[in-house]
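Here the structure is laid out as structure tokens; the discussion comes afterwards.
Think of it as A, B, C and D in the order they're written, each chain with its own count starting at 1.
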Amino acid sequence: MNKAVVESKQDEEWQPKIIAFLCNWCSYAGADLAGVSRIQYPPTIRVVRVPCSGRINPFFIIKSLIDGWDGVVVSGCHPGDCHYISGNLVARRRFAIVKELLDFIGIEPDRVHFMWASAAEGELFAVMIRKISELVKKLGPNKKFEKKW
Amino acid sequence: MLSPYIPMLTTIKSIVSENGVNDIKTYELVFKNKEDEEKFDYIPGQFAEISLIGKGECPIGIASSPTEKGSIKFTIKKMGTVTSAIHNCEVGDIIGVRGPLGNGWPIEELKGKNIIVIGGGFAFSTLRSLVYYMLHEDNRANFKDITVIYGNRNCSEILYQDDLMKWERMEDIDVALTIDCAEEGWDGRVGFVAPIVEAVSPSPENAVAIVCGPPIMIKTTEDVLDKLNFQPEQILESLEMRMKCGIGKCGRCNIGEKFVCIDGPVFSQAELRKMHGDR
Amino acid sequence: MKEKILKKDQVKQLHEDLSRYYSFYAPTKVKGNIVFKKITNPEDIELEYLNSKIPPKEILFPRMETLFSYKIDEKNIEIEPRTDLEEKILIFGVRPCDAYSFSLLETFFNFGQFKDDLFMKKKENTVVIGLACNTPRATCFCTSLDYNGHPHRKDDVDIFLTDLGENYLVNPISETGKAIIDKLAWLSEANNDDLQKAEELSKKAESLISTKLDLQHTAEILDPSFNHPLWKEVSENCLGCGTCTFLCPTCTCFDVVEDVDHYNNRGKRVRIWDTCQFCLYTLETSGHNPRNTKIERCRNRVLHKFNYYPKNYDLIGCVGCGRCIHLCPVNNDLREIIKKINAIKNENKKEEVVVA
Amino acid sequence: MVKQMGDIQAENVEIEKKMREVARSLLIEKEVDVIIGYARGTVPLSSSPIFIKNVEDIDSLIWDNLCYVNLARYVVPPLTEFVDNEKVELKVGIVSKGCVARALIHLAKEKQVDPEKIKIIGIPCNGVVNRRRIEKELGEKEVLEISVSNDQVIVKGKDFEEVLPYQDYLNELCKTCKVKSPPMSSSLSDVIVGESIEISSVEDDFSDLSEYESKTPEEKWEVITELLSDCTRCYACREACPMCYCNLCFVDQNKPIWFGKTSEMSDIIVFHLVRAMHMAGRCVGCGACSSVCPMGIDLKLINRKLEKIVKERFDFTAGLSLDVMPPMMTQKMEDSEDFMLGEH
């Protein structure tokens, strides 16, 4: 994970590195569909597959920011479609709080994104990633948690 | 003077898996600088802080004997953050070593005595060091009878099987191996360590018993040794505790006013009885 | 006369002269708290203070200190020892109790086969300018301690200042101190009146210390009291935070952690303050914790200072600054604990078992 | 609902007297085994939690404006005692101002305390004096005595006396507190000293937050960094918090190590951020974390924000009733998604 960050620092034109937590049943399949359908989206994201968006401990998001990822995106099934019935609904409440608190301490709101994407929404997934990449790119590198040396 | 917090660098020369489930491995380390090897002048029973740069440090007993020149050995069980990371290392990787630390087995006091070495499970590493040391041709004459009693849960968990097989064939050492429950293909003793000690029944005359193992084994063995008339001064134990610095500064490994890292880890039972502290 | 006079408005000049040779640390106010900081602007120096919130041990034994740093290059590792230990440090305006804590820490860090080279080197390069304590707090009890603690104790400093109102009486104590004073030729001479005034202030300060504790026998009383029910009693309302230990001038425990910079493949091993009041302090990997409840942890803190220190180093591990008393969130008063311990003396000495 | 300020000190004395009576009868009638209350501190500007088992000690109980510790902190895990080698859970009477009772109700909801074993001795509170602020503002003058009368805090020292306006020198969270007495709650057995209040929801406009919230991310980061820069990571805030009862806090977890234990700014901020995250929908706004902080860091910004989030999103205020499910323990299909990236 950190190797990726290091590489990004050496690139000529800065590209953000975004970590994406995708739920196994919908969003990961959605990303897959985007790939199979040859829909282009920027190569800024690195995917971590999780069983369900409810699996995502808010600490995953914060740890990603500490470790220097420029953006975080979390995606799960649409409400009502969760493979585990309500995992995404539980997660949604959690994310609401994470998002507000990150905003509250002064992390730019555009660094952390939450979305729903079903297995059929390859196109939508690509559109979203394009959008997120743009937003994060505009913010520049994530330096807030960088340690002093 | 080099800071006592700075490790000496070594490279892994070989890795031997010691048990069936593969969570105990013996690492043979070679110092990168020859001078470091001379500085690392140890006796059996001492330990060292093994560090994986970037991950952290943990105290591990030295499993090799000072008579084995050229390398040092550590037997490490996969337990926490650092040991798990060490288990992911390969031959050639760099490992830091800080030591030798602790008092070690009191070799001078052991001279001229019958030595009964009682070990249980994974705690055998510093005992291996001691036995190896005593069996060395330069040292063998200094010690009288050597008895080794070593128990394990099952036969796949027995450490240092090559060494033990060698010792079993030797004339001047008695080895009693035991496993907790009978197993197919095992023709040795069966039972916990304490009853085996009772069965072997070593004489307390001019003898020292060295006990190392899990707490419950130590407890039961102590009772048996007591029954066999061993005095508390004749029973030696090696303790372990959470440590960070290993040099008596970070504060956490105290039992009463004694620090396990500098005053220990070897204490006689008589000393332990006098110590008031949490352990 | 070796004593000199430093006018209060000359502190600026003193700072200017000395900060050329030394990193000049002095008490300063940060968000309402007095702490010792490196001073660049002499206006920031705050000498009218009771005592600093964080003890000046922070300068020699910082909250976070690099043990060594390293570079990782594929499989190769390069270790870089500390190179900044030669920095000349001057600590200005230290209260006598905290000045003694430096000597105490030196005894500890220099003890035994392994010396703590980081602390010792820094201590070697440190000049301490003490400041007499004219306004001891109600919680101070330095006069009860075994080191002849006194609000005007001069032994542990290089130069000793006494606040005479308008001026400071400057008293060079050590050879280093004398050499420094010799260089500061602009200091005016002190006269006998000044000395007498300082003497009076010293007596007055002593009389202001209202807490008197009998610590003569505490160590020996504690010996057989390891399992006394007292420990449950005194730890009952303890929260288990680290306030008492973090803000104690004699607490030295630390944790060693890795601080890795993944961006640049480098890192450092640092030591950070740790405290016996935390559960993680003694928690072993197996899950066993020798000091599992706050009863054992509170006991360890008291025993460490009042029993283990006397046994190991022949001195009490407390300077009597009273920080742990007035900063404890639940007012778990050390003085009360000592009184309770001393009361054991009169009890039947049979061992009782704590019911945890 | 602003109560007419009476003579605060006289009120406190009255409450103290009644409280002791109630506590005494509870102990005598063996309704509880131990009373947890406040005792006079040995230093000014403090109070000390006390565990009373004998009726003779009842007179050590006090009630004043410095009872800042949230006593609900001491009942998780439950207090036990060995009787004939058997562990017995004690019945506890707790001196409870509004926030202590709220914490207990919430803990009961989280199944951390058994309502059967808890007896709330309800106290109407008129706020806790902001001891850290007084300490800081009086600078390097030692406070030796503090008293409250009418609407003034009188602070005395060796050669000074200061009179401070009471309302200004309350804890920041007490200033906005709307639940001064224990909220009536059917299944926690209560004894109320003074009047109790029936309250099912709290109205608040959170106007105190609007200034901060209008800042840019950079400014916010700066404020937070500045606020927390003194933190020594002694964890007094965590330990004093009735809701921080985890056996193993995320700070102490070492498999995996989530973040550093150093005193670098980024680590300090992460600690407070994640602690805040865990407090969402649970913080009862007692302000104990700020009162106990040895460095005098006031966490009210964070506490208030948490209150605001759950109030606005889930219309919930922690610890008011045993019947409402806390927001983080449940979910609804129609929860707002305004924070999510949509197709728009």
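As a working rule, a contact is a pair of C-beta atoms (placed from the backbone, for glycine too) under 8 Å apart; a residue touches a chain by one contact, two chains touch by 3 or more.
No experiment lies behind these values; they were computed from the predicted model shown.
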Of A-D and B-D, whichever chain pair has more C-beta contact pairs = A-D
Approximately how many whole Å separate the CA-defined centres of chain A and chain D?
-> 36
Centroid distance [mean C-alpha coordinates] between chain D and chain B, Å = 51
Can you check how far apart chain A and chain B are, centre to centre, with Cα atoms defining each centre and the answer in Å?
-> 49
Distance-wise, how many Å sit between the C-alpha centres of chain C and chain D, to the nearest whole number?
-> 32
Numbers and ranges of chain A residues touching at least 2 other chains | 146-147
For chain C, jot down the residues that touch at least 2 other chains.
-> 255, 257, 259, 283
Mark out which residues of chain B touch at least two other chains, giving numbers and ranges.
-> 80
Report the complete set of touching chain pairs.
-> A-C, A-D, B-C, B-D, C-D
Contact set on chain C toward chain B in their complex | 67-68, 70, 72, 75-77, 79, 81-82, 108-109, 111-118, 223, 226-227, 252-258, 260, 267, 269, 271, 274, 276, 281-286, 290-291, 296, 300, 303-304, 307-308, 311-312
Would you tell me which residues of chain A are touching chain C in their complex?
-> 2, 5-6, 9, 67-68, 146-147, 149
Residues on chain D engaged by chain C in the complex (per definition of touch) | 41-43, 46-51, 69, 73-74, 81-82, 135-137, 139-140, 142, 144, 158, 229-230, 232-236, 238-240, 248, 252, 254, 260-264, 291-296
Any idea which chain C residues touch chain A in the complex?
-> 259, 261-266
Per the touch rule above, chain C residues touching chain D in the complex are 29-34, 46, 48-50, 53-54, 63-64, 135, 137-139, 236-237, 239-243, 246-247, 255, 257, 259, 270, 272-273, 275, 278-280, 283, 325-327, 329-333, 335-336, 355
